[in-house]
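Below is one structure, written out as structure tokens, with a few remarks after it.
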Amino acid sequence: MNSDYSHLEMMVIAASRLLSDHQKVLVGTGIPLVAGALAKKTHARKMKMLMEAVAYDCDPESLPFCVADPRAVYQTKWLPTPVEVMGQYLQGGDIDFGFLGGAQVDKFGNLNSTCIGTYQKPRKRFEGSGGASDIALMAKNTIIIMSHEKRRFVDAVDFITSPGWYCRSLDGRSRMMRSEMGMAGGPYAVVSTLGVMKFDEVSKLMYVDSYFEDLGVELATIEQETGFAIDVSRARPLPPPTHLELETLRTKVDPEGIYMKY
Amino acid sequence: MNSDYSHLEMMVIAASRLLSDHQKVLVGTGIPLVAGALAKKTHARKMKMLMEAVAYDCDPESLPFCVADPRAVYQTKWLPTPVEVMGQYLQGGDIDFGFLGGAQVDKFGNLNSTCIGTYQKPRKRFEGSGGASDIALMAKNTIIIMSHEKRRFVDAVDFITSPGWYCRSLDGRSRMMRSEMGMAGGPYAVVSTLGVMKFDEVSKLMYVDSYFEDLGVELATIEQETGFAIDVSRARPLPPPTHLELETLRTKVDPEGIYMKY
Amino acid sequence: MDNTKIIELKQVREHVHSGDRLWIGGWTLVRKPMAMLYELIKARLTDLHIVNNPGGPDTDLLIGSGCVSKSETNYIGHEVFGHPYNFRRMLEEADPAMPFLHDDWTVGTGTMRILAGALGIPFIPTKFLRGSDLLSPEHDGFKEIRGIDPKVPKIKFATMKDPFWEGEEFVLVPALRPDVCLLHVQEVAEDGTARISGGAFLDYYAAKASRRVIISAEKIVAQGSPHKAFDENVIPGELVDHIVEVPFGGHPTAVHGHYDNDPFWFQEYIAASKSKDKMREWLEQWMHASESFEHYLHKVGRRRLDRLVADGALGYSPNIVRRLDKIKEVI
Amino acid sequence: MDNTKIIELKQVREHVHSGDRLWIGGWTLVRKPMAMLYELIKARLTDLHIVNNPGGPDTDLLIGSGCVSKSETNYIGHEVFGHPYNFRRMLEEADPAMPFLHDDWTVGTGTMRILAGALGIPFIPTKFLRGSDLLSPEHDGFKEIRGIDPKVPKIKFATMKDPFWEGEEFVLVPALRPDVCLLHVQEVAEDGTARISGGAFLDYYAAKASRRVIISAEKIVAQGSPHKAFDENVIPGELVDHIVEVPFGGHPTAVHGHYDNDPFWFQEYIAASKSKDKMREWLEQWMHASESFEHYLHKVGRRRLDRLVADGALGYSPNIVRRLDKIKEVI
């Protein structure tokens, strides 16, 4: 086993550290699933991992490829449908953490997984919300996980697929603070390939909470790779991966390198 | 086996004759269940018998005591909950016949299973609608089955639990013809201990369609036992039970006489 | 496996409070959590607000015990066994000393209301109720407390035109939001995962819609093989706060695969419930004078219980006599 | 048992028509009724209106084949395998010769909409959608055909204040009402009763909400022991119009307990879908030049199929390589 590790691995490990026992975590397809599985196999054994299509309390032996993968139901005790997971648990307000990726995130934690350019004539069209919009709206907390690039960390997303702190009003005509609209939840953290961002209690603007100093990341790197002015004054270095975290990720969670791309 | 038969038996047999193969029939607790089971075990083997709590295609070996009885699920192929039976099949408009009893029926086929006297201060209070109101409203046809007594066959029921042809308007303030309210379905027949009543195509008033002549019932008997003027001009005698009908009822459907009270 | 959810039967009293909106699982004569309800009666709870749809001996008995001040349900009765005299008496002979409000619904709307509760939405459209006097504002049984009691919806129903498709007029009904849900099932795992056979009725939906869930079971089991079992695992453990093992805990109602209805119980209970005085005697004898549920079962007697035991293949007992008027001929 | 529901695979063409609102069962990469969809492509159907939520290679392929003029769904993609280039191209480079409208939703609202369809109610309240640009009237993808096309709801959503409880503002969304529903399952009985393992997703709800239901299955079975089987019998036969046996009928998607995703298919398909010309070649080779599904499977090759076969205990294949960039190293 190599003692070096990648930004991608540190991102997944940093995200997994945000989860703990006794939480109900709804994970989307992709990297969120890797971070969820890592938490479950290291420090959060009793965490319940849900997936929108099928899984209620999932602890897969082999990494599921999507939220409906047969790997997701192996050994589960109860097999729900999206009517239960999304309609009842998520809509009912029972999910502690929602775990999402996306193509763009903005300074208020709004996420875009719909399109670049205008909706009517997109320069680039993506797959669409899937469950992301629902999870960002109804989970008690949202964790966003995304590669840190200037084109992804933007001042305002081209399309608010998944609402953050300052989002679309009900009539669709203006933007409002999330709390003014009676919406609970909201983005708790953005975990990137450079560090962990959180949101200011008052302004709800993104700031850098910690950064991957051990990987040579500097605060200037983060400022450079972020498409808006970001407060780095509160940032502290994040401890590097432990042996257990790296080994579990590499040998148990994603040994095939499906997401970690070894 | 006795070749004599009772009014109760003839009522159940007459009701069972109204059912046929390939129908979906939702039966309420009590006598409707007996008539449904009899049809299924004689001339309507492919009829699907549903019960509101649990049963989708039920062909019990032993007569269920209520619509949730373990006898109702014996050998069924699919085990729904009331969300499917009532919420989806009945509300979705998929039920061909609903089969109901009640304490009072009126000339428009409205049924009362709530109270005698006023709702606020009832002289006599009954168990309540159960699923009767829903079935009378949403089944494509309703069959009512009830002992023929003057106090039960009334000009207007004290309380419309289950809507017939002339029922309560949406604002609760007046009465309207069912069709004017955009409601489908409606009472198809009332089967009593004296005969079978149907409803006039135009006036929607109850009339006598057939009577149990073989049991000594005369049209005057029906007029006497009915609390409103009833048209008997179209009535014809109903053929008595066949050997198969009586034998099946007595030896297979209700051998304990739970409802037939031998 | 941690087993911190396991409680003693008597502790049920600690988790249900006077004033609670109570959902009772099962269906009329089937899988009612009777042993747990007996505890509430012995604890002399008052002011319960019954929201289960429908009710059987469970509901009539709670009403007859003076535990209930409000009920909103579609049916209270004993099916063919006989009539719910305690419930009837409350409405026919209103007693100023025991205020009781009843609001009538239907199985279809009770189902939609608890489904809305499970979905976490405050109301749901339904095709049911149209044409019935149940919709008439003057027949709203909770009229006088709407807008006052926060545990009761502000209005009974609303109507609106469908703006999406054919423009039909629709009824909207409020979600049911029980404070506490009591269920009796065949098996519960130590983590609370409940297994039900012979029909789950609305138990899962009620568990999801309720704030607290207590499950009694014929048997508490270790988790067993999860892969094999998930089709029978109707309620996930996460929803369940407390569990208690009570063999025969559904007596006198039927529990699929375990035992059938006890006609003797119904014969005696229904006869007693016809008068206030006899009902008081019955309560004294069967509830308050029974120190424990074991003691109650002992009074019922092994011979009667044996007769109720279900045939494994059938799921019910082929041996019981189901006509109260003929019971004496047989035992 | 009558077996009048059994059809040949080619007959699927007789039961799906241009202009139909089509629900495709399964979920992105899992249990998609691919063999039946191939028939629709070979029959060169047009103007399909896709309503499944979400879509995977099924939906991208139908779009790339020119079969689709409208879609209202929450996602179209191949998950980690790659991007849905046919879908993308339709929106990024609108082609006047092939009009295509897309209306975006979410998994939560797609779920509520098909649930409303199954319940027979025209709309349902939901907590979802608030705060998202998906709610903005200018982003209504079907704006220009609402009120004109009777198969499309007159409005995308409505809002209302909850009149029953806390008075929150709510979104109402219209029911989904598919004309035809295509599902692929593990087993179907001759009467249409469908058995699904590894998650039913929204298949039951879609079957209930749809006018016509056609099910392909790995195996058509006699009814078997009903008492034992009812927990696995997800869809009652009554809902099902036609059934067809097609082993590997879900290829290249995964079918729990039978076979896994075929990464080779995705590698080739996704590469081809990046350009219109290559896509045309792919369609010619894999769809139109395949006389039958057997012929198609023969072209896929036994060696590849064997590798996909699921391990009985796991439900998936531990042997496939799931990184398209590393496929060549292995086979």
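Of note:
A, B, C and D label the chains in the order they appear, each numbered from 1.
The criterion applied here is as follows: contacts are C-beta pairs under 8 Å (C-beta built on N, C-alpha and C of every residue); 3 or more make two chains touch, one makes a residue touch a chain.
Keep in mind the model is a prediction, meaning the values are calculated, not measured.
If you take chain C and chain D together, the chains in touch with both are A, B. In this structure, the chain pairs B-C and A-C differ in their number of contacting C-beta pairs, and the larger number is found at B-C.
Chain D has its Cα centroid 27 Å from the Cα centroid of chain A. Put simply, the C-alpha centre of chain B and that of chain D have 42 angstrom between them. Contacts with at least two other chains are made by residues 73-74, 79, 87, 91 of chain A.
Residues of chain D in contact with at least two other chains: 112, 119-121, 126-127, 168, 227, 231.
Contact topology of the protein chains: irregular, matching none of line, ring, star or complete. Pairwise chain contacts present here: A-C, A-D, B-C, B-D, C-D [touch as defined].
Within the complex formed with chain D, the chain B residues making contact are 24, 48, 56-57, 73-80, 84, 87-88, 91-93. Contacts from chain B toward chain C in the complex involve residues 29-30, 52-55, 61-62, 65-74, 79, 81-83, 86-87, 90-91, 114-115, 119, 121-125, 127-134, 136-138, 159-163, 167-168, 170-173, 178, 181-183, 256-259, 261.
Taken in their complex, chain D has these residues touching chain A: 26-31, 54, 73-77, 79-80, 83-84, 87-88, 91-92, 94, 104-112, 115, 126-139, 159, 168-169, 171, 198-202, 204-205, 254, 256-257, 260-261, 310, 314-316, 318, 321-323. Across the complex, chain D meets chain B through its residues 118-121, 189, 191, 193, 208, 223, 226-227, 229-231, 233, 235-238. Chain C makes touch with chain D in their complex at residues 112, 119-127, 153-155, 158, 160, 162-166, 168, 170, 172, 174-175, 177, 231-232, 313.
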